[in-house]
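Chain naming follows the written order as A, B, C and D, and within any one chain the residues start at number 1.
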Amino acid sequence: MDLILPTQIDLLHISAVILLIATFGIVVRRGFSDWLHAYRYQTIILSGIVALIALITGIWELYIVSALTLGIKAIIIPKVLFYVTKKLDSPIKLEINPYVSLRISVIVSALLVAMSYFMALQLPISSDETISVFLPVSFSLFFIGLFIIISRRKALSQIVGLLTIENGLFLFAVVVTHGFSLIIEIGLMADILIGVIISSILLFRMSQTFDSIDIKNLESLRDD
Amino acid sequence: MSNFSMLEYGLGILQALLIIVLSSLIVGIMRKIKAKSQKRIGSGIFQPYYDIVKLLRKDEVVSDQSSWIFRATPWINFVTTASAAFFIPVFLVYSPFGVVGDILLVVGLFALGRFFTMLAGLDVASSFGGLGSSREMMISVLVEPALFMTIFVIALFYGGTNISTIVSSANDTSILVVPGILFALIAFFIIMMAETGKLPFDNPSTHLELTMIHEAMVLEYSGKSLALMEWSHAIKQMILFTLFVDIFFPWNFVEQISLVGISFGIIVFIVKVSALASFTAFIETRVAKWRLFRVSDLIAMAISSSMIGVIFFFL
Amino acid sequence: MSENLFILYIIFAFFSLGVTLGLFTRGQKYHAYFTYIPSIFASFLTIILSVTVFSSEGIHLTFFNIQHLFDFEIFIDGVAAFFLLIIGLISFAVSIYSLSYSKKFDDKKNNSALGMLFNVFIISMILVVISNNVFFFLVFWELMSLTSFFLVIYEHENKNNLKSGLTYLVMTHLGTGFIFASFILMYTQTGSFSFDSFRDVAIIPQYVKDIAFVLAFVGFGTKAGMVPLHTWLPKAHPSAPSNVSALMSAVMLKIAIYGIVRYLFDFNAIDSSPDYVWLGVGIVVIGSISALVGILYALVENDIKRALAFSSIENVGIIFIGLGLSVVFAAFHLLSLSVLAFIASMFHTLNHSIFKGLLFMTAGSIHYSTHTKNIEDLGGLIKKMPWTAMMFLIGSIAIIGLPPLNGFIGEWLTLQSLLAVFQIPSNILQVTLAFAILAFALTIGLAGATFVRLFGITFLSKSRSSKAINAVEVPRLMLIGKAILASSCILLGILPFIGINLIVSAFDLPYTPSSPFETISITNTVDGNFASLLMPGVLIVFISVLVGIFAFVRIIGGKTKTIKYGTWDCGFGNLSEKTQYTATSLAEPIRRIFGIFYKSHNDIDADFYVKENLYLKKSIHVISTTRNIFDEKLYGKVISGSLFVLDKIRKIQSGKVNAYILYIMITLIALLLFVGFGTHE
Amino acid sequence: MFATIFPSMESILVISLLLTPVISGLLITLFKRKRIIETTTIISSLLILIQGLFLLSFILEKKTISIFDGTFYLDSLSAIMIITISLVGFLTSLYSVNYMGRQYDKLIVDGKKLVRYYQGFNMFLFTMLLVPVSNNLGIMWIAIEATTLVSVLLIMLYTKQGSIEASWKYLLIATVGLSLALFGIIFFYYANSVYDNSFDSIHGMDWTNMVENAPYFDPNLVKFAFIFILVGFGTKAGLAPMHTWLPDAHSEAPSPISALLSGVLLNCAFYGLLRFHIISSHSIGPEFSNTLLIILGIISLGIAAASIYFQKDVKRMLAFSSVEHMGIISASVGFGVFLGIYGALLHVINHAVVKTLLFFSSGSISQKYQTKSIADTSGIIKTMPVTGFMFLIGGLAIIGMPPFNIFMSEFLMLSSGFSSGNFLASALVILFLVIIFASFGKHLLHMVFGNPKSEMKKGDLGKFSILPMVILVSIIFVMGIYVPEPLQTLIEDATKIVLVGGVHS
C-alpha cells in the first residue's frame, strides 16, 4: 500500500460526507420519484468513491467495478423502478403518514450514524486509511437502510431501503477487500438486479390486488 | 402343629365354648339391668336362650327378591364370630389357638361378618335394608381407624398383636404403671359401644325403622336365620367384653393348670364380664341416641384419645 | 441357561405370530382365535420362564449394539422374573377372557387391530422388564405407552375417549421426561448407558443418586398413578376395552413399580445416610395420601370401571407405603423389619395384579352383557349372571382384605410392618408414621364401604333398568379366564406361603422360607412372639365351627320349611325398584362427612301441589354431583396459567413486516452490546 | 491424486452433479408439454441422487475432495447436506408430479405456471447443491441468496393474496438477513487479510484457508463477525427472533416446495452457520459461539412451544415445528460434546425425512379436504387410510415418540446436554419438548381420529403420492433403531470436523 498523499485523505473525507448527505436525502423525502432520484445520486457518488479508491490504491479492477455500479445501479435499477411507479395505478404517489414522522426519522438516522462511528471504534484500526474512513460510513448506510424499511409504510420505500443496505454493503466490500475476485463482484450485482426485478413484479401484483402498495394490507397472515 | 398338649387344646375349646354359650346370658343380664333401672321388671336373664330355641323351631319366611347371599349371611356371620372366639384367652393366660391368629385376624373376621350383613341388607331390595347398610357403612368407616389405633397402642405397650402375648404381658404389669393404657381403655370402650350398636350410636330396641342401624339390616330375617344372627351378635358382644376385660383388668389368670384354679378362674371371669355388662347397660340408660352425624365426633374423640396413648408411649 | 433362552425365543415367536395374524385376519370371522390363542401360549410360557429363572440362575446376554453406544442387552434376574410372573399370569387369564370378549367389537371394521395391539402391548411390557440398557428401556417403555394409548382410543368415535387418550399420552410422556433425566444423570457419572454400570455404586456420588432417584420416582410415579400425577388413570383405564384395562391396571402399573424397585434396591445400596430416611418417609407419606385420595374418589364413583381405576390408585399407595417403610427400616439397619416391609409390598403387588385383573374382567363382562358401565341402572344381576357375581364377590372380598383371601395377608403384613415402627429410634418418625397408620386404617374402612356399594348396587336387589333386566350370563370362555384369577386369589389366601416363598427366592431376601403349613411369625426383638398367622389353621377352625353349628341347629330346630314371600313394605303395596337405595344415596352419609374432598353439590328441583306450601311436594328430582378437586383445582389452574403465558409469547407473530425487521435489528444490537462490553478489556 | 485442474473422477462427478439440474431446467424451458417436463425433472433428480451416493462413497474413503484449485471443496459435512438435498429432492419431484398434476387437472394451475414451477424446482435444487459444494464463502453466500430469490418465485406461484404477502415478507426479511451475513463474511475476510502477510486475495475467501489461520485472527473482530453471521444465517435457518417469515412462507408455498423449504433449505443455512462456527471456535475457543447457539436454540424452542398450541392451519403448525427442531439442533451443537454434535447432524437428516413426509401427507390431505384448517379436517384414518396412517406415523415421529428416528437423535442430543453440564438448558429443552408434545398431539389426534365431518368417499390420491411416503416411512422405521454403518462413519467424520476443524486431519 503506497503512501497516501494528505490531499487524497481529505478528499476521502469529503466524499464520505457527501455520501452521508445523499443518504439523508432519501430519509427526508416523501414522494416515490424523490426517493429514486436521491437513490440515483447516492449511487453516482458511490461509484465516484470507488473510482477514487482505485486511483489511490492503483488496483485496476476497481475501475471496472465503479463502471459496473454506475451502469447497473445508477441507471438501470432506477429506470426499472421509475417504470414501475409510472405503471402503478394507485393515484397518490406519496408516503402520507409513515410509522415515524420525517423529522423524528432524521434525528434517528443521525443517532444511527453516531452509533456506527462508536461501533467502528471498537474494531482494531488498521493501517489502511480508506478503511478507517469508510468503515463507519458503510455501517451508517447499512443501519439507515434498515431504519427506512422499518419506519415506512409503502412497499417501494422498503425496496429503496433494501438498496441502501446493498450500497452500504458494497462500499464495505470494496473498501475492505479492494475488489476481491471479480466473479463475486458480478454475482453480487446480479443478485441485486434480480432482487429488484422480482420485487417490482411483486409490486405490480400488490397494486393490482390491493390497488395500493401500502404495507397495511399485508397483515392477514398472523397469529391472532 | 405346635407344642401344646391335648389337655391345653381341650381347655382352649372349653374357653371358646364358654364364650359362645355365655354370650346370651350376658344379653339377658343387660336387658334385666336396663329394665330395672327404668323401673320395669323386664324379662328373665335366660330369656335370650328361650328366644333362640323358639326361633330355631320356627319356619322361615324369605323375600323373593333376595339371592343366596341373604340365606348364607347368617351362617357366615355365625362362623366368623364363633371362630374368632377360639383365639380369645378367657381364664388361661394364653389361648392354645393363639398361634393361629391374632387380634388383627379377629378384627378382619368381624369385618367379614359386617360385609356380608351389609350385603344382606341391600339384597332384600327394601329401602330399610339400604338405610341400615349405608349407616352401618358410615359407622364402620369411622370405627376402623379408631380400632386400629387402639390395637397399635396396645401392641406398643404389650409388645405384639398376638392376643396371648398381650394378655400375658398385661397380666404382669399393673395398669397404673402404664398411663397410656388408660387412653386406650377409653378409646376401646367407645369403639365397643359403636361396634355392638349400643345406645349413643344405635338403639337396638327401637321399632321405628328410620332410627335403626343394625336392626334395619336384619329386619327381613326370621326363624333359624334370625336366631343365628341374634346369637352371632351376642357372641361378638361377648368377645369384645372379654377382650376389654382381659386387656384392661387382667386379674388372676390361671398360669399352671389345676382344676380348682380353672373353676375359680371361670367364676371370676363371669363376675368380671357381668360387672362390665351391667356398667354398659347403666351407661345406656343414662344417655339418649345421638343424631347420626354427631356420632362421628364421638368416634373422632376415640381416635384422638388413642393418638394421645401413642404419644404417651413415646414420651 | 440355554433352555431359559430357548423359552424366551419361543415366547417372542408366539407373540409375533399373534401380531402378524392380527394384521392379516382383518375383518374375518375368527380373527379373535388367530390373535389371542398365540398370546395364551406365549403368556403361559412366560410363567414357566419366570419359574425356571427362580429355580436356576437368570439370563444376561447382549445381542447387538447400534452406533457402538447402546447395546441391546437382556438381564433377567430374580427381580425381573417376579414381574415376568405377574405379566404372564395376568395376560394368560386375560387372553383366554378376550377370546370371547372381543366378539363385542366384531361390528367394527378393524376388529383384529385390537388383538394385534394386545400382543404388541404384552411384548413391550416383557421387553421393558428384561432390557438392561437405558436407550432400549426408554424405547420399549414409550412403545408400551404408545400401544396402550392406541388401545385406549380404540373406540375413537366418542369424543372423550380421545380427550382421555391425549391426557394419558401427555402425562406418560411427562413421566418419561423425568425418567430420561434421571437415567442421563446417572449416565453422566458412570459414562455408559447400560444398567450394569449403574449398579457398581462406588463411583456415583450420593447427591447424584438422590436427585436421580427423586426424578425417577416422580417419573415412575406418574405411570403408577401417584396422587398429584394420577388424574390420567381414572380417565384412561375406563375408556379402554375391558380386557385391555384389566391388563393396564393389573400389569402396567406394576411395571412402574418394577422401575422404582430396580432404582431403589438395585442402583442404591441403602446405607444409613440420612438421605435414605427422608426418601423412605417421603414415599410412605405419598403412598398414604394416594391410598386415601384414591379410595375416597372410588367411593362416590358411579361408573364401575372408573371406581376400579381409582381403587388401583389406592392399592398403588399401599404398595408405596410398604416400599417406603422398607427403605426407612433399612436406613436404621433394622434388616429383618425392612425385609418384612418389602415382602408386604411385593406380596400386595402380586395380589393386587390378580384381584384387580379379576375385577376389571368382571366389569368387562357386565359391560359385555348390559352395555352400560353406570351402576345406577344396574341391579339384580346376581340372578341373571350368577357366576360373574361370584367372581366379583371373590374379587371384592380379596381387595378389601377380608380374612380367607389373599388381600388380607398383604394388608396384615403391611399393618405389621407399620406397627413395627416403634422400633425406630427417632421419635418424630414414629409419630409421623403413626399418622400413616391412621390413613391406612381409614383406607381399609373406606375400601370396605366402596366394594359393598359396588357389589350391592350392581348385583343385589331389583334390576333398575331394562338393560339390567335382560342381561344374560357371559360365554364360558370369559368365565374360565376369570376363574383362573379367582382360584389363584383363593389359593394365595389359604396358602400364603407360596407367594412369600416366591418373593423371598426372587429377591433373595435373608428371610428363612419355611413350609406352607408353618406360621408367618414375626418375632420382635423384645420377647416372644410379636404376631403370627396360620391361614390353614383358620380354615380348619372355620370348618369345625360350621359343622358344629349345623349339627346344633339341626338337632334343636328340626325340619323347618322356608316360604318365599314379598319383602316387608309397611303395607304400602308393591315395592318398585325406585324405592330401593341407589348408589349415590348409599354413599351419601360418608360423602357428607368427607365433604371437603368432594365439593359435592346437590341441585334439587321440586314442584309443589300448592305454591306457598313448600312441604307438600308433587315430585322431587335430586341430581348430586361430586367434583374431583384435583382435576379442577390443581390441573385446571396449571393448564390455564401456562396457556395464558404461551398466548402472550406467541403474539410476536403479529403479521407486520416492519415489526419483523425491527426484531432482527434489536437482536443484532443486543448481541453487539452483549459482545461490546465483553471486549473492553 | 493430483489435484490439478485436469478433470479427475470426482471432479467430473461434482460438475455433473451441479449441471444436471441446470440442463433439465433448460430442457423444460424448451419443451413446454406437461408429460415431458415431469419426466425430465424426475430423471434429473434421480441422476442427482445417484451422483450424490457416488460422491458419498468417494468422500467416505478419501475424506475430502477439492477441485479447480480449491474453489469447490467437499468434506463429510457437505456430504451430509448433499445426501439430504438429493434424497428429499428426488422424493419431492415424484410427489410434485402427482400434486401439481392434480392441481393442473383442477385448473388451479395453468400450463405457464406449471412450466414456471418445474423451472423454479430445478433451479432451486441447483442453488441448494451449490451451497455445500463451494469452498469460497462469497460464492456460498451468493448461492444462498440465489436460493432465496428462486424460492420467492416458487412461493409467488399462486396469485392469491396470501402468497403475495408471504413472498414479500420472505424476500424482504431474507435479503436483510443475508446482507447481514455478507457483512460478517467480509469481516472474516478482513480479519484474514489483516493477519496474513503472505495474503493472496484469491484464496482469502476460501473456508479451508480461513480455518488454517483461524487461531491468529484478532478476537474482537471474530466476535463482531460471528454475531453478524449468526443473525444473518440465523434468519435464513429460522432461529428464534428472526424466524417470523417462516410460518407465512411455508404455509403459502405449494406443499412439495414447503417440504423442500422446511426439510432442506433451513439445513443449508444452518450448514453455513456451522462452517463459521468452526472458524470462530478455532480462533477464540468454542465457549463464545456455543453460548450464543444455545441461547438462540432455547429461544426458538420456547417460541415454537408457545405458538403450536394456538395454530389453526396445519402447514403453519408444521412450519413452527421446523423452528422447534432447528432450535434443538442449534442448542445441541452449542452443547459442544462429541455426542451432541453427532446427534445434531443425525437430527438434520431425521428431521428432513420426517418433515418431508408430514408436508407430503398434509398436502394430499388438504387437497382431499379442500381446506388447510385443523378444525375442519378430522377422521383422516377413515377417509384416507394409507395417507392417514403415514400422517399419524410422521406426527408421532416429529414429537419424539421412541420407536421412530427423531427419538434416537433427541436422546443423543439431550444426553449430551446433561453430560456437558448445562443442566438448566437441558431441563428447559425437556420442558418445551413436553409442551410441544401435548399441543402437537392434540391437533394430530383431532385430525387423524374421530369421524369425518362431511360425507367423503374413501380413497387415497394417486399411486405417485403414496410411493415417496412409503419410502420415507420405511426410512423412519429403520433409522429408529439401527443407523446404517456407512452413514454412521460419515457423521462421525463430520463431527470430528466440527470439533477439530478437520482440514488437516
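The definition used in the following text is that contacts are C-beta pairs under 8 Å (C-beta built on N, C-alpha and C of every residue); 3 or more make two chains touch, one makes a residue touch a chain.
On a predicted model such as this, the values are computed, not experimentally measured, just so you know.
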Neighbouring chains shared between chain A and chain C, ordered by label:
D
Once every inter-chain C-beta contact is counted, which two chains account for the most?
B-C
Measuring from the mean of all protein Cα atoms shown, which chain centre lies nearest?
C
Chain B and chain C, separation of their C-alpha mean positions in angstrom:
36
Averaging only over C-alpha atoms, locate the centres of chain A and chain D and give their separation in whole Å.
31
Whole-angstrom distance, CA centroid of chain A to CA centroid of chain B, is 101
In whole angstrom, what separates the CA-based centres of chain C and chain D?
45
At which residue positions does chain A touch at least two other chains?
122, 146, 149, 158, 218-221, 223
Using the touch definition from the top, which residues of chain D touch two or more other chains?
168-169, 172, 176, 220, 224, 247, 307, 310
Quick check on chain B: which residues sit in contact with 2+ other chains?
none
Those chain pairs meeting the touch criterion are A-C, A-D, B-C, C-D
Please output the residues of chain C touching chain A within their complex, sorted ascending.
650-651, 653-658, 661-662, 665, 672, 676, 679
Considering the complex alone, what residue numbers of chain D touch chain A?
136, 138-139, 142, 145-146, 149, 152-153, 156, 159, 161-162, 164-169, 171-172, 175-176, 179, 182-183, 186, 189-190, 193-194, 201-202, 204-205, 218, 220-221, 224, 247-248, 251-252, 307, 310-311
The answer for chain A against chain C in the complex is residues 99, 119, 122, 146, 149-152, 158, 215, 218-224
Residue numbers on chain D that touch chain C, as the complex places them
168-169, 172-173, 176-177, 180, 219-220, 223-224, 227-228, 230-231, 235, 241-242, 244-245, 247, 292, 302-303, 305-307, 309-310, 339, 342, 396, 401-403, 407, 411-412, 414-415, 418-419, 426-427, 430-431, 433-435, 437-438, 441-442, 445-446, 449-451, 481-483, 488
Contact residues on chain C for chain B in the complex?
380, 382-383, 389, 393, 397, 400-404, 408, 412, 415-416, 418-419, 422, 427, 430-431, 434, 437-438, 440-442, 444-446, 448-449, 452-453, 455-457, 459-462, 517, 519, 521, 524, 526-534, 537-538, 541-542, 545-546, 548-549, 553, 556-558, 560-570, 575, 577, 579-581, 585-590, 592-593
